[in-house]
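So that you can tell them apart, the chains are marked A, B and C in the order they are listed, and the count of residues begins at 1 in each.
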Amino acid sequence: MYSWTSDLFPICRSLTGRGLRQTLAYLQGLVPELQIYEVPTGYKAFDWTVPDEWEINNAFIANEAGERIIDFQVNNLHLMSYSEPIDAIMSFAELDEHLYSLPSQADAIPYVTSYYKRRWGFCLTERQRAALRQRPEALYHVKIESRLFAGSLSYGEYVIKGESKQEVLLSTYICHPSMANNELSGPVVAAALVQYIKATPRRYTYRIIFIPETLGSIVYLSKNLEHLQKHVIAGFVLTCLGDNRAYSYLASRYGNTYADKVAKHVLHDIAPDYKAYSFLQRGSDERQFCAPGVDLPVCSIMRSKYGEYPEYHTSLDDMQLISPEGLAGGYNALKQCIDIIENNHIYKAALLCEPQMGARGLYSTISHKGSTDGMHNMMNVLAYADGKNDLLDIADICNIPLVELLQIINILVENSLIFKQETN
Amino acid sequence: MYSWTSDLFPICRSLTGRGLRQTLAYLQGLVPELQIYEVPTGYKAFDWTVPDEWEINNAFIANEAGERIIDFQVNNLHLMSYSEPIDAIMSFAELDEHLYSLPSQADAIPYVTSYYKRRWGFCLTERQRAALRQRPEALYHVKIESRLFAGSLSYGEYVIKGESKQEVLLSTYICHPSMANNELSGPVVAAALVQYIKATPRRYTYRIIFIPETLGSIVYLSKNLEHLQKHVIAGFVLTCLGDNRAYSYLASRYGNTYADKVAKHVLHDIAPDYKAYSFLQRGSDERQFCAPGVDLPVCSIMRSKYGEYPEYHTSLDDMQLISPEGLAGGYNALKQCIDIIENNHIYKAALLCEPQMGARGLYSTISHKGSTDGMHNMMNVLAYADGKNDLLDIADICNIPLVELLQIINILVENSLIFKQETN
Amino acid sequence: MYSWTSDLFPICRSLTGRGLRQTLAYLQGLVPELQIYEVPTGYKAFDWTVPDEWEINNAFIANEAGERIIDFQVNNLHLMSYSEPIDAIMSFAELDEHLYSLPSQADAIPYVTSYYKRRWGFCLTERQRAALRQRPEALYHVKIESRLFAGSLSYGEYVIKGESKQEVLLSTYICHPSMANNELSGPVVAAALVQYIKATPRRYTYRIIFIPETLGSIVYLSKNLEHLQKHVIAGFVLTCLGDNRAYSYLASRYGNTYADKVAKHVLHDIAPDYKAYSFLQRGSDERQFCAPGVDLPVCSIMRSKYGEYPEYHTSLDDMQLISPEGLAGGYNALKQCIDIIENNHIYKAALLCEPQMGARGLYSTISHKGSTDGMHNMMNVLAYADGKNDLLDIADICNIPLVELLQIINILVENSLIFKQETN
């Protein structure tokens, strides 16, 4: 996953355009079944309209000596996304109105966009800007070779059919330029999960979408809302899955969906000190998936959450910030969610009263002080396999890690002591 | 309100009689629409019977020199309310059986009544009583010029019609002699609220009653129970609203009525450290309004609660104990309850997914780090305006003070982003 | 109860056999109505089969000098319960494989059984075993005069008919040899409760059973399940009721039955610092009574809980561990449960609004500061006697100990201020 991220990192993605398509093409290399869709400029989705497509070829600020002092080729974050074209000589004062920097983070280039209003702008470090301020009298050549035109917005989708028509939704976004944790960790973990999911026949159908954030999810919902409302039993927004500093959970609107239940169990098991955020602290596509009237059961599992780490939305969110370990941790958390959803049945005891475990070789035939300790969890699972609790409930009541619980369930099923309840 | 209290303070109110009528007449000066009702002696209300009316003209204890050492004219608390007439010379030992003082509060005249059993008595400070004890051999002239006769019990009522037949009940009492916080703060705040309520057309009907405590509410319920049960959506007992030391809340029987919800929100906003008392610590007319089978949604907002401050039910509960600031605070808390009840609708988002706030000038069209901070509350209100939550729920979920919430609601309604749900 | 325990202590009880029958015969002396049932070897109950009956006549290990160094006559815990017969000379090494001791409790003989697999074994203190280890070369004469044969399993039952067909179940066990807290305290408290229950006509029917643990309850359920599920409203497993160190509560499967509610109230009253254990820490016949599909409302009140005190399941659980005070405390806790269940009606106020307590002599006719303090609880009971709360709810809401609550209820009923609701 880390090497996929390295490959994708240099591409200048935006809400629309060539970088977005290159990214989808690369992902198709990893997931050949990925279907790519294009939605034309002017398409209306609820309150929104797909804007012009943005093409960017080059952009720089040059000084009087012709030296490119701010250059899109050096870092694509230097250009405000969706900047309109310009080619002009101007004073520092004029230029300065189009500059964006972060006084509190002197070495970070901020990430700035203006999708819905025509503007142009350059982003630079506070240190670079301070240098420019030294020479207020200087003139600058500002050039942006961009094009805004009726084109389309692109996204990718892959539906892996399972036994059931009920679906698990995985959504990730592909519209940010060179940033690692808050962008590329999402699609690379999603691609790895696709490979994991499709390797085995599945109980549920999986729908994985690679979309531009916000507008992409709104467009997607405008085309698929009824189907999603009917079929999705749990969904996860895949974002910020790459660094190795924390595990985080962002709740759905009321924090009470099946996805929340699964996510909280997994995080409780793998990182009991994970950070739990309420929907008030949301910031990605759950804003749309959980909107009133949409009401999909979607939450987020993350490593360091967007907005909560200093490098967020700057050039410091780079390949050094994330790591193979960080990505593996994010992947593993979501993989465990899938494993649980696949295995989370309701079981019921097959016999009245406790079974005679000793006769089945499951229990010491000598009873003495302490002899039942090892059986404690198995007997507790039997006691709560009453046809009402699913595995997550049993894990919760009996305080048994899910991995161990699945082993116990297997033994009990093999010995015909519990059986799976039919669900629909 | 403080000057109204000053006017009313000297009047010797009781369960019935002239002082009660004078008080109602004064209130009619403030609220001309106030209707006055009289219920005759012998009237039966549930388990109770209206007793004889009590008329008091004068009362004193004089020493052998003819000096009035305890004098009703000096402080009407000196006389036990409902004392029967007497005119006799007696020893200190005889007199002492009819004296009431508070050993623990040497300078306070206690407030004592005997409505339902014929007695006579004088109340005095422990210090005064100690002086009498110095001369056990002395004789005293005890004179009470009172009359007990078939008369009536008086109360006032004003119903301000609103758009809806649903009612808000404000109940306060007017049966205590010269005490300020635990008596007059209630009726003066009620009178001021009447002036506030009637100044504007109202969504709800308001029913304000000025009654003698306990028996007055029982009589009132005996005449209006069915109507109140059908129409009252929230009610408040107005008492102890005048000092400036605390804010207090006394819950309804189960603490779960609409009145409780409103009161707790208001107090949380204006005085987060307010004191919350359960119904077990009740002491005013909520005892009747919330009785089993009556079950009206009534609670209390107070400043320092009856029974919880040392001056309570003594001559120390005087004009110095209360203050214009104290009364204003009490008035304001109840005014806010009314404002909320008037505005507390259920709203529903008009669009699926987030609206495009930028296009409406409600949101910066540039997205950069931190650019959405100011919008945070507005977006949260949109997320929870799902047709289920009322304003109080949204304030609670989103942790937004109600005043700010109302402003946000207005902006969203003006922009057609949310609409009010019909309620009945 | 302590002297009954002394009488029963020496008997060598087991899952079946003579000691069990002797114990039932002794209990019949205390409870003549006790019916004794026999279930034959081979009887199938759910997953279980009644094994052969075990008869034990004698058992010892003798050294080369013929001295009985481990002797069943000295302490019946020395023999593993259900040991098969043997009469052999063997080396220490051979013998050692059949010895059980507790390295961590050097002076305790452990209690060991092997009901369902043929074995023989001796239990001894770690100190005794260490002495044997001194002479690894020694030979021993091992003799167990036991018999295993098609016989039966015995249990006792007494049903005390009450006004209602609804039942309270008391279950205790009689299958352990000489142990006091974890065995005999249960049946002797049960016998004392029987005498208490049958002394008065009762609202409910009481079913008291004296059974061998685990298999006894499974057999009993196999014969009575449908009846119990239909009629039992609350049940208690009587075990570990004899020492004086703690009060303990073990919850039913979900901790939410009527028995749990009663038990928690009683323990909160008599020992607010009682230890509460969840069903995960179960260990007696609630394992069967609360099994999925059986689902009887059964919990346990104990003194020191099995498994939680060091003397448990060893020879140290003897007559010194328990005491008359300990047994009286255990008896009293269960007696209070019965008293509450008998008296726990739903009451409803007979009048609207507060009644005039003064007119009934229930309240001071003078009202002055503090005069109502003594009435506080009575007025609170009236306020919550609303036809919804049972006595336990009222005790809980009003924080009144149950004994005082019953007194208040009696006064209010006598004064026709509340009346009992019909229940079915």
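Everything below uses one rule, namely that a residue touches a chain if its C-beta (ideal position, glycine included) is under 8 Å from a C-beta of that chain, and two chains touch if they have at least 3 such contacts.
Since the model is a prediction, treat every value here as computed from it, not as a measurement.
Q: Nearest 5 degrees is plenty: how much rotation brings the CA atoms of subunit A onto those of subunit B?
A: The C-alpha superposition of subunit A onto subunit B needs 120 degrees.
Q: Suppose you list every residue number at the subunit B-subunit C interface; are over half of them used by both chains (same) or under half (different)?
A: Homomeric contact, different residues on each side for the most part.
Q: In whole angstrom, how far does the Cα centroid of subunit B sit from the Cα centroid of subunit C?
A: Whole-Å distance between the two chain centres: 55.
Q: Touching two or more other chains, which residues of subunit A qualify?
A: Within subunit A, no residue contacts more than one other chain.
Q: In their complex, what parts of subunit B are in touch with subunit C?
A: 45-48, 80, 100, 102, 110-117, 119, 121, 214, 217-218, 221, 225, 253, 279-280, 282, 287-288, 290-294, 312-314
Q: Which residues of subunit B touch subunit A once you look at their complex with the stated criterion?
A: 348-349, 351-356, 358-359, 365-369, 376, 379-380, 382-387, 397-399
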